[in-house]
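Presented sequentially are two complexes of subunit A, the first with subunit B as partner and the second with subunit C.
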Partner chain A sequence: MIPLWLIPLFPIIGTIALTTIALSSSGSKQGPAEGVTGAVAVFFPLLSFVSVLVLSLGMPLEGIRQTLGTWISLPAFQVDIGFLFDGLSRIMLLFVTGITTLIAFYSIGYMRGDKSFARYFAYINLFLFSMIILVLSDSLPLTFLGWEGVGLCSYLLIGFWHADAKNSKAGNKAFIVNRVGDVGFLFGMLCLISIGGSALLSYDYLNAWLLNPVSAEMIGTAMPLLSLAGILFFFGCTGKSAQIPLLTWLPDAMAGPTPVSALIHAATMVTSGVYLLARLSNLLVLIPIVLNVILFVGLLTAFWAAIAGLFQNDIKKVLAYSTISQLGFMFMAAGVAAFDVSIFHVFTHSFFKAALFLGAGAVIHSLTGEQDMRRMGGLIKKMPWTSLVMIFGFLAIIGFPGFAGFWSKDLILEKLYVSGPMGPFLYGGALLTAVITAVYMGRLIIMTFFGKYRGSAEKEAHIHEAPATMLIPMLVLSIGSAFAGFLWAGLIPGAEIFREMLAPVVGAAQAHASSAHAAVHLSPWVFAALGTLAALLGMFIAWKLFMRPMPEAKGDGEPEGFRASWTFAFDTLHKWIAVIPTKAMAWFLDVVINNIILAAQWLTMGIIEILGDGVRSLQVRKVGLQMALSLFGMTLVIALVVIYGGLL
Partner chain B sequence: MELQASYIQIVALLLFAIGISVTLTRRNVFFVLMGVELALNAVNLSFIGFAKTLPATASVAGQILPLFTIAVAAAEACIGLAIVIMIFKSQESADIDNYSNMKG
Partner chain C sequence: MLLHLLVLAPFAVALLMVATSGFDSKSTSRIAILFGAIFTALSIRLITVGYAATSPIEWFTLPGTSTTLYYSLISQGINVWMVFLSTTVSLIALIAARESFGNNYKNFAIGIFALLGAMNGTFLASDAVLFFFFFEAMVVPAAILIAAYGGKDRKAAAMNFAIYTLAGSAPMAIALWYLLSVGTGSSAGHLFMAYQGVSAPIQTLLFVSFALAFLVKTPLFPFHGWQAQAYAEAPAPLSAVLAGAMSKAGVYGFFFWVLPIFGSDSSMMNLMMWIGLFTAVYGALMALRATDAKKLLAFSSMGHLGLAIAAIFSLSPTMIPAVLVLLVAHGLSSSSQFILTGVAERFAESRELKKMGGLAARNPVFGFLFGFACIAALAVPGTAGFIGEFLILLSLWQVGPVPAILAGLCLILSAVYMLRFIQAVIFGKADKVETRPCHKISPFDAAAVGVLLLLLVVFGVRPALIMDSLNGATQDEVVADMEDSEDVF
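Let's look at the complex of A and B:
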C-alpha cells in the first residue's frame, strides 16, 4: 500500500524544483528551457494522479486513515496531521489530480514564450499541493490550511501578469473576499471547539459524535451553537465557491491566464465549498434551517448568475458567470441533503467547464488575446477541433441527453422536486435557470463559432488551430464531458457506481434527511423529458435571438446600462454594505482614535521625560556620592530583608 | 586568654569602615583603590572569624576560601591598577571626578 503522504509530496517537490528553475533563470533574457520546465511541471502532478489511481483501486470500503504526527499540542487544543482517504476524497482527488495534469500539459502550449514560464508552473504545483491537503485532510484545521493555500495560489495566479495593475487588483479582490469567507470558517471551528473541545474538529470524531445516540441530549442543548457553526461554515463556503453574498470576485478572477481559470476558477478550487458541505453532511442534516438557507442561496445565485451571464461580451466572463450558476446548482443539491448528487455535479462540471474554458483559451490564444465575443465569429471553419470541444462542453452544460451535465443536472432537479412541499416551486426555478443556461451558452457558441468573422483583418490572418499540447487535453476533457455522466445514469438501472462510492461518507446523513419527508413517486423519465425540453427550448431561443448579424463592437466589452446594474449589483451592494462602512471606520480610527492615542502617548512621554530629568540631576560626576548612594541602597535592602525576613 | 570570635568581627568591621570611608572621601584614584582593597580584606577577615566558630572539620573549608578570594583579588588589583595607570597617562590627573569621558 502506498502511504497517503506521497500524494501531496509529489506536487510540493515539483513546486520546489520549479521555484529553483524560476529563480535561477530570472536573470537570463530568454527565460528557462521550456521543454525541461514543462516536463517537470507535468511529471509531478502525473505521479500524484497515478498514486491516487493506485490507491483508489485498492481502497477498502471504510477508507484509509493515516496520522503523520502532532501538529498543534496545547492543553486545550490538540490537532494531528492526519489524512483520510475515503469515497469522497477519492473522487475529489481523482479529478483534481487528473485535471491538473491535463491543464498543466495544456499550459505548456498556452504559456509558451512567457517570461515567467517556470513561475507559472511552480504556482500550479503549489495549488495542487494545497488542494490535495484540503481534500485529503482528516480534520478541519488541516482542511483550513489547504483552504488558505488554494486561496493564496488563486491570488498569485489571478495577478500572474502583475505588470498590469488591473490584474493585481482582481487578485486582491479575490483574496480579500475569500478572507471574509474564511472568517466564517474560523468562527465555525471555534463554535465546534466550544461545544466539544478540539477533538470535534476531526471529521471521524465529529461524525461519530453526531451519530451516537448517547450524545443526543448534548447535541440538543448545543443546538443553537451548532446551528451557528453550520451557518458560519456555509458562509465560509460561499466565499470559496462564489455564492451570494461573496460572489463578485469570480468574474474578476478571469484576469488570470485562461488555463488557471479552467483549473482553479471552474474545475477544482471553487468546488471546495461543495466538498466541505458534503464533509459536514452529518452536521448539516441536523439543522434544517441551515439547509434551507443553503438551498435558497444556491437557487438565487444560480438564477442571478445565469441572467448576468446573458449580458457579458467577454467570453471568459460568460463562463465565469456560468460557473457561479452551476455552483448554485450544486449548493441547491446540498440544500436538499442530496450531497452525493452535488458531488456528482462537481465531478461532471469539472470536465465540461474545464473543456469550455480550455476551448475559450484556445480561441483567445489564436486571436492573440482578443476576449470580446463581438469581435469573434465564424471560427468553426478555422478551428474545427476547438469548436468541436466547445460544442461538446456546451451540450454537456445545457444538459443535452446523454452528455455528462444531463445526468447530474437531472438528478439535482429530481431531488429538488421530491424534497418536500416547496419542491415543485424549487424545481420550476431551477428548470427556468436551466433554460437561461442554454440561452447564454448558446449565445456564446453562436457568437464565437458561427456567423461571420467580425474582428480586425490582421488578427484574422493569424487565426490557427491550437497546437497538439493544447488539443490533447481538450479532447480528453471533451470525452469526459460526453461520458462522465454514465457513472450515475439515473435512467439506466444499475448505473449507480458514483452513488455507491459516496454512500459510506454521506449515506447516513441522507438517510436521516430523507426520513423527514415522504418520497414523491414520479417516473425519472418525466424529469429527463422536461430537462431535455428546457435545453432544447434554450437552444431555440438562443438561435432565434443571436443567429443574425451583430452590431459593431464598441467600448471595452463591459456591459452597460441595465445590464451593468444587474451584473454589478453585488459589487454595488458590497460597496455600500462593507467597503464604505469599513472605509468610514478606518477614517474614524485614523483621525479620531489614533489622535487620542497619540495624545495619551505624548502625555505619558512628557511626564516620563520630566521625571527622567529630575532623576538625572542625581547622576553627577562625583564618584564618591555615587558610591555612597549605592551603599545606602544596599543597606536599605539588607535592612528590609532583616526586618521582613525576606518575605516581602 | 582565648581570642574571642566577636573581637575578630569588630576588627573586621573597623577595617571595613576605614576602607569605605577612604573610598568615599578620597578623590585620588590610588587611595580609592586602596580603600576598596581594604574593605575587601576586611570581609575576608570577617569570613575567617565566622569560620573559627565552627567545629574543626568545617572550619578548615571556611579558612581556605579567603585564600582563593585573595588570589582573585590580586588578579583584580592587577587589572585595576593597569587601568588606572592607563587612564592616568591619558588624563594626566589622578582625580577620579575628572574621569567623565564615558558619561552618557
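Let's look at the complex of A and C:
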C-alpha cells in the first residue's frame, strides 16, 4: 500500500514548481510557456487523484492511519501530524482531487494568454494541498491548518486580478469573514481541551471517548462546555460554508476567475463545513440543541438564498446564491443527524454545480467577459454543447427524476419529514425552497440560452463554442450530474453503496440519533412524487414568467430596491454590528485617546526642555551652583537608599 | 567563551569598523556582512549548546551596598533565541542597508554592531546591574542611528526615543539600587529574596519602577508615545532591528526579571495581563487607521508584543513556549516586513499608503516576498506565528474566557489591517509608480528576506526546533540554576 502522505505531497511539489516558474518568468514579457506550465499544473493533481484511487481500492473497512511525527509537543498540549483515510475522507478526497484535476485542465483553456498563468496554477495546487490536509487530517488542529489554508487560497484567487481594487476588496472580505468563523473553530478546540486535554482534539480519541460508556458521567458534567464547543465549531462552519450569519463573502467571491468559482466556491472548499459536521457526528448527536440550531440555520439560509437568487442578473451571482442555498440543504440534513445524506448531497452537488459554473464560464468566455444575463439569450444555437452541459446541471439541481440532485435532495426531504422536530413544517419549508430553486435556475437557463440574443453586435460576432480543453471537463461533470445519484438511489433496492461506504464513520452517531425519534413510515415513492412535482411546478412558473421578450437592459445589473434590501440584508447587519463599531472604536482610540497621550507627552517634554534650558543657563554662568545642585541630588538619592535600605 | 564572544566581540568589531574605509562602501559592507554572518553562526551554535554560564568576573561593589557585582553571562532556553534574533536581524539589516546609505554605510555598520553587542549583553546578562547597563546602552546607538539616518523628523524622533526610554528606566535604576542595598546578591533570585523582606507599599513601588522601564521599552499602552514615530523615522534596516530584536528586550525584561522577582504579587500580575491585552487591541485598532506604512507596522508590532505580555502574566503552564515561539515568529516576520517596506518606500518614494500600490504587477518577486511576509504575520497555520498565537490563546483561555476572546479579536483585526496593507502596497493599478524607473529588489536582499520567511515556515511545521531549547525547564529551574552557578564560584 502506498503511503498516505503521497496525496498531499504531489500538489505541494506542484505549488513549489509553479511558483518557481511564475517567479523566474516574471521578468519576461510573454510570461512562461503555457504548454509546459499547464502540463505541470494538471499533472500533480492527477497524480494525487491516482494515489487516492489506488488507496481507495485497497482500503480496509476501518480505514488507514498514519502518523508522520509530532507537530506541537508540550507537557500540556500534544498534537501529531497524522492522517486518517477512512470512508468519509475517501469520498471527499476522490471528488476533491478528481474535480480539481478536471478544473485545472479546463483552466488551461480559460486562462490562456493571462500574464499570470503560472501564478494561477500555483494557487490552484496550493489550494488542493490545503484541501487534502483539511480532509485527510486525523485531528482538529491539522484540519484547521487546511481550513485556514483553503481560506488563504480562496483569498488569493478571488483577488487574482489584483489590479482592480474591487477584486482585492472581495478577497479581503472573504478572508476576514472566514477569519471570524475560524476564531470560532479555535475556541471550539479550546473548549474540548478544557474538557479532556489536547488528546480530545484527535478524531479517533474523541470518538472513542464519546462512545465509551465509562465516560458517560464525565460527558454529563461537561455538557454545557460540550454544547458550547458544538456551537463554536458550527460557527466556524458557517464561515467556510457561507451560512447565516457569515455568508456575505460568497457572492462577492465571484470576482475571481470562473473556474475558481466552480472549484473552490461551489464544489469543494465551501463544503468543508458539511465535512466537519460529519467528522464530528458523534459529538453533535449528543447535543440535540446544536443540531436544531444547525437545522434551522440551514433552512433559513436555503430559503433566503433561493429568494436572493431570483433577484440577480449576474449569471455567476445566481449560481453563488444557489450554492449558498444548496449548502443550506446539506446543513439541514446534518441538522437531522443524516450526515451520510448531507455528504451525499455534497458529492452530487459538486458535479452539477461545477458543471453549471464551468458552463457559465464558457458562456462568459465566449461573450468576452459579459456576465449580465439580460445581455445574453439564444445561445443554445451557437453553443450547443455548453447548453447541453448547463441543462444537465439544471435538471440535476432542481431534482428532475433520475438526475443526481433528485436522489440526494429527495433523501434530504425525506429525512427532514421523518426525523426532524416539527418534521412536516420543515419538510414544507424545504419543498417550497425546492420550488424556488427550479424557478431561479429556470430563469437562468431561459435568459441565457433561449429567446433572442440581447447583447451587443460586436460580442455576438465573437460567440463560439468552448474549446476542447474546456469542453471535455464540462462533459465529464455533466455525465456525473446525470448519473452520480445512482450510488444511493433510494427507490431502487440495494442501490446504496454510498451509504454503506460512510456507515463505518457516521453510522454509530446516526443510530444514536434515530433511536431518539419515533419512526414515521411513509412510502419513499410519496416523497419522490412530491419532489418531482416541486421541480415541475418551478419549471412551469419559470417558463410562464421568463419565456417572453425581455425589456432592454439598463444599469449595471445589481439588484435594486427591495431586491437589494433582501440581497444585502446580512451585509447591512455586518455593517451595523461589526464594521461600524470597530471603526468607531478605532477612531476613538486614535483621535481621542492617542491625542491625550501625545499631549501629555509634549507637556512633559516641554517641561523637561524648559528645565533643561534653565539648567543650561545656570551651567553657563554659575558652574559652582550647578555642581552643588547635582551633588545635592545625588546625596539625596544615596541618603534615601541608605536610610531605607539595607545599611540601616 | 561563546557568551563572551557574542557580547564583547560586536563592540570590538564596531571599533574595527572605524578603521575601514569610509569611501569604499563596497568593501566595508563585505567586511560588515562577514562579521554579521559570523555572529549569526555563533548564535546558532549557542542554540545547540543551550545552557551555559560564564564564571563570574568581579566587577565592582555598588556604593552604599555590600553587594559585589559580577560580569557574568548565562544562556538558557529563551535568551539563546533572543540572541539568535538580534544577530540574524542585524545581519539582514547590514545586507539591506547596502542599497540605502552609500558612503555612509561605514558609520551605520558601527552603530549596528554597537547595538548588537548591547542587545546580546541585555539578553545574556545574569547580573541585574549588568543587565541594566546593557539595557541602557542599547538606547545610545539606536538613538544616534535614528538621528543620523532617519527621515525628515529624525531629530525629534531620536530625541523622543532617547528621553522617553531613559526617563522610563531611571526609576528602575533607583529601585534596583535599593533592592541591592537590602539584599545580598544581584541575581534575580537574590533580588527576589530582598524583595520579600521589604514592606508592602515599598514592594508595590519597586514593582512599578521595574515595570515602567519595560513598559516603555516594549512598549505597552500608555507608554508607546515614542514608538510609532521612532520606527517610522528610522531607516528601514534599523526599524527592522528595533522591531525585530530590540523590542524583545522589554518583553524579555518582564519575563526574566519582573516575573521571578515580583511574580508572587498576583494582583499586579493580573493588572499587567490586562495592560498587555489592552495594548494588543489598541495596537491592532491603531494599525487599522494608520496611513503611514511604517507606523502601521509599528502598531502591529505593538499589538503582537502586547499579546506576548498578556501571555506572560497569565502565568499559565503553556505560557513559556507560547511566548518564546511568538517572539521568534514576530522577530522574523516584523523585521522582514520592515525591510520590504523600506524597499517599497524606495520604489514609491513615500511612506504614505495612498501613494503606494501596484508593486505586485511591477515587480512580482517583491510582490511575492511582501505578500508572503504579511500572510506570515497574520498567523496563518503552517507559519511559526500560528503556533505562537494559538498557544497564547490557550494560555489566556486558562485564565478565563474574556482574555481569550480579546486575543481572538486581535486575530481577526490583524487580518483586517494586514490585508489592507497588502492591498495598499502591492495590489491596485501600477500607474502610481509608473512614471518612475522600474526598480528591482536586489537578488541578495531578496534571498536574505527569503531565508527569514522560509524559517517562519520551517518553525511553523516543526516548532520543536524552537521549543526543544526549553527542554522541560521552567522559569524556577532557570533561576535555581543561576543561583547554583553563583554559589559555586
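Here, the second predicted complex is superposed on the first by the 589 of 648 C-alpha atoms of A that agree within 3 Å, B and C clash if a C-alpha of one lies under 4 Å from a C-alpha of the other, contacts with A are read in each partner's own complex, and residues count from 1 in each chain.
FYI, a residue touches a chain if its C-beta (ideal position, glycine included) is under 8 Å from a C-beta of that chain, and two chains touch if they have at least 3 such contacts.
Keep in mind that what you see is a predicted model, and the values were worked out from it rather than measured.
> Just subunit B (first), just subunit C (second), both, or neither: which does A:P75 touch?
second
> According to the stated criteria, A:D204 is in contact with first (subunit B), second (subunit C), both, or neither; which is it?
neither
> According to the stated criteria, A:D571 is in contact with first (subunit B), second (subunit C), both, or neither; which is it?
neither
> More residues of subunit A in touch with subunit C or with subunit B?
Looking at subunit A, the partner in contact with more of its residues is C.
> Check whether A:E496 is in contact with subunit B, with subunit C, with both or with neither, and answer first, second, both or neither.
Neither partner.
> Answer with first, second, both or neither: which of subunit B and subunit C does A:E465 touch in the superposed model?
The answer is neither, since A:E465 touches no partner chain.
> Should A:E34 be classified as contacting the first partner (subunit B), the second (subunit C), both, or neither?
neither
> Taking the touch rule as given, give the residues of subunit C at its contact with subunit A in the complex, in rising order.
Touching subunit A: residues 63-66, 160, 163-164, 167, 174, 177-178, 181-183, 194, 202, 222, 224-225, 282, 285-286, 288-289, 317-318, 321, 358, 360-361, 364-365, 368, 375, 380-382, 386-387, 390-391, 393-394, 397, 404-405, 408, 411-413, 415-416, 419-420, 422-423, 426-430, 461-464, 467, 472 of subunit C.
> Hey, which residues of subunit B end up touching subunit A in the complex?
Interface residues on subunit B, with respect to subunit A: 20, 23-27, 32, 96-97, 99-100, 103.
> Tell me, which parts of subunit A touch subunit C in their complex?
19, 22-23, 26, 70-77, 119, 141, 144-145, 147-149, 152, 155, 159, 162-163, 165, 168-169, 171-172, 175-176, 179-180, 182-183, 186-187, 190, 193-194, 582-583, 585-587, 589-590, 593-594, 597-598, 601, 605, 608, 637-638, 641-642, 644-647
> Over in the complex, which subunit A residues touch subunit B? Could you list them?
621-624, 627-628, 631
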